[in-house]
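Each of the next two complexes has chain A plus one more chain, namely chain B in the first and chain C in the second.
This part shows the complex of A and B:
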């Protein structure tokens, strides 16, 4: 069977709008994940079990269940459980943001544990209180060390954001599905959409590779 | 509104069937994907520029696009291009195997890289043919080093397998969503589905940590 390709039938207007929504979701989820991931990492590392255990449960739950289950759960169950009705965009951002927060917390935890003990001792010697030590010693070092992982997780959430199409948020994937059904051109549409996702992720993953190589050079 | 978890019990057989589909799919794709990944990992470190280029494009493409898009592509486009009807299971297996191959090839590549060049020099000095170098020197060490990361790749695959529900394969997620739509009890059903995934994936992630410690201890000698 000869398949004749026809890329002209793919209209870029809806795809462009979808990409904007996807990028909005990604940026908003990343803001939640990067900012709140750090305090969450501190909670996981707390010596006080009633604080540590719920935080660990939260993180493990998000890391050990499929993202699609989390998103569907969020969209169906949160309105029923808490009797709140948020826009689908807000729900999407919250679901993706909480997921990213759990993954980033692990990244921060690894980086915090890698902060040399001497630096904290020096902080104590200088008479800094625990809050100051966290803000001025742990935070800058740990954040810098975890940047490659944060970027990888960020790009991961960009890809996971395609899942919100299933619960009818009108992102890139949703527009692609609609377009493919309307035009009967699935090959052209999904190929273009795959290329769009790739065009955004690939440069970022190259930057991550570059940062990691530079870091290894600095370490050696 | 009162929550009634006994609803879930009535559908336990359906859920068990869905879970079996999820596990079957995961196991098939773990075996196929790891084998594919090993050869792709070798190809990426090969001397031939052509092999390197082809394998890099494959890996970067599959790591750079959402698995959902890959699934849709394989479900809707591959049959059109090949001109043959593919069963649901076949498409799911192809999609997840290609994904697993891409992520495990990175794992293998990293572990191949960690084998020092002096070992290859020793092989050359001993006059071992290329095939024996691969099977008796490189493979055992690379696999040992790769095991912890491979295990966590398997956990990722187990989680990603839930995506096949979006293209209508009757896995755990699909069955769960169906039940929740038909009974109008999403809270109970979806929570139980999430818990089932968690109960399987969580011990596996703990096992990864344990194995990691073992392997590190073994390599440190």
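This part shows the complex of A and C:
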């Protein structure tokens, strides 16, 4: 065990740039996932099979394949099959965003279905029409109920975004690999990078825990 | 002696309702309710009491039969296509309070009260809020206007639910076991509010298992079992000296009263 740590050779400049890229990927993917996940949830709950089945297929594709396969597929197969390549950053955002959209749709669906039947009965008894019941009862209750899962999924995408390094998006992980190779200091570099991922994720997971405890209190 | 004739407020004609092909809950129910009457419906569980109220509110489909309110038919179904037709305009004259608290958890008390008046009737927010505040004061909840449902006791929640239904000026109130989920010490405050409404001649139909409450509020008691009306009459008769064997058995069993 003669290894002597040397953190001085790890330069923070590239890591900082990488973190910025990682955060951009995360934020953009979350905007896609949070906004488009909701209409997708409505589609997978449609009574009309030609609408429901393609939507379910979309969701299941993302849920039942590894994220790394989705990313690779997106980068290599989509450009060849459809002749579109929108730049590695855009492609990365799309791959992560669509993945998150599928997972968030499931979170929204569970939350919508968890709105108690009695709430809707009360809405009918108060004369609210179906659209008003959706807008004023189902939507606010379901969105609130799904926030902890949306945050968990969102921070999951922050971590999974490290996978786009393999297709040359210059995120935190990519910069780390480059740096580790250049400096011959992989242990120091990846230790620091792990700590950075942890430092961002941990507070969010604490917030999720807090929200869930508060929610249980609200529901009791 | 003067003859007083009053048209029925509610007229239920041969109401049939089943869940699936085998479970018949209502098997031809006929009830006429006069204005100003306070009908308490009692009976064994599964006998169709709650289903009756839910059907009257338009929350359940029916197989056949019809219900009219103030002379206007508003729920009907023809046996042929089993399609339940509901006139939502007429139904708006009816308010309902449920067993489980159904306050909207994301809205505070005032917001719960004014949601329907503002969205359904297009009332402006200021006037609805003013009416809501007055109603809350009347029910001893004036200080709770900005509280959220989670911050209220069960009894307070049910009183808010009653106030919320009253915001739409119903001409008939339906109470479906509104005290069954409450802790015993909270039952009285909810029953007081309903008695207060009764004193103002609000017509109501009440499903309850509370004997004291039934006696004090009913102007008429209906014993419902097996999907039909078994006995129907003034409370002294149905609760005090029931004619039907089944009514007597039920009252002895549930209310522990020997005749």
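Annotations
In this section, the second predicted complex is superposed on the first by the 203 of 220 C-alpha atoms of A that agree within 3 Å, B and C clash if a C-alpha of one lies under 4 Å from a C-alpha of the other, contacts with A are read in each partner's own complex, and residues count from 1 in each chain.
We adopt the following convention: contacts are C-beta pairs under 8 Å (C-beta built on N, C-alpha and C of every residue); 3 or more make two chains touch, one makes a residue touch a chain.
These numbers come from a predicted model, not from an experiment.
Shared-chain residue A:193: touches chain B; no touch with chain C. Look at A:69: by the touch rule set out above, it reaches chain B but stays clear of chain C. Contacts of A:213 after superposition on the shared chain: neither chain B nor chain C is touched.
Once the two complexes are overlaid on the shared chain, A:202 sits against chain B while remaining clear of chain C.
Considering which of chain B and chain C touches more of chain A, the answer is B.
Contacts of A:137 after superposition on the shared chain: chain C is touched, whereas chain B is not. Contacts of A:81 after superposition on the shared chain: chain B is touched, whereas chain C is not. Common to the chain B and chain C contact sets on chain A is no residue at all. Residues 1, 60-61, 63-70, 72-73, 76-77, 80-81, 83, 155, 159-163, 165-166, 173, 176-177, 180, 186-187, 190-191, 193-194, 197-198, 201-202, 205 of chain B are the ones that touch chain A when the two sit in their complex. Chain C contributes residues 54, 57-59, 88, 91-92, 94-96, 98, 100, 102-106, 115-116, 119-120, 148, 150, 161, 164-165, 168 to its touches with chain A in the complex.
For chain A in complex with chain B, the touching residues are 1, 3, 60-61, 63-70, 72-73, 76-77, 80-81, 159-163, 165-166, 173, 176-177, 180, 186-187, 190-191, 193-194, 197-198, 201-202, 205.
Contact residues of chain A toward chain C in the complex are 116, 118-119, 121-122, 124-129, 132, 136-137, 140-141, 144, 217-220.
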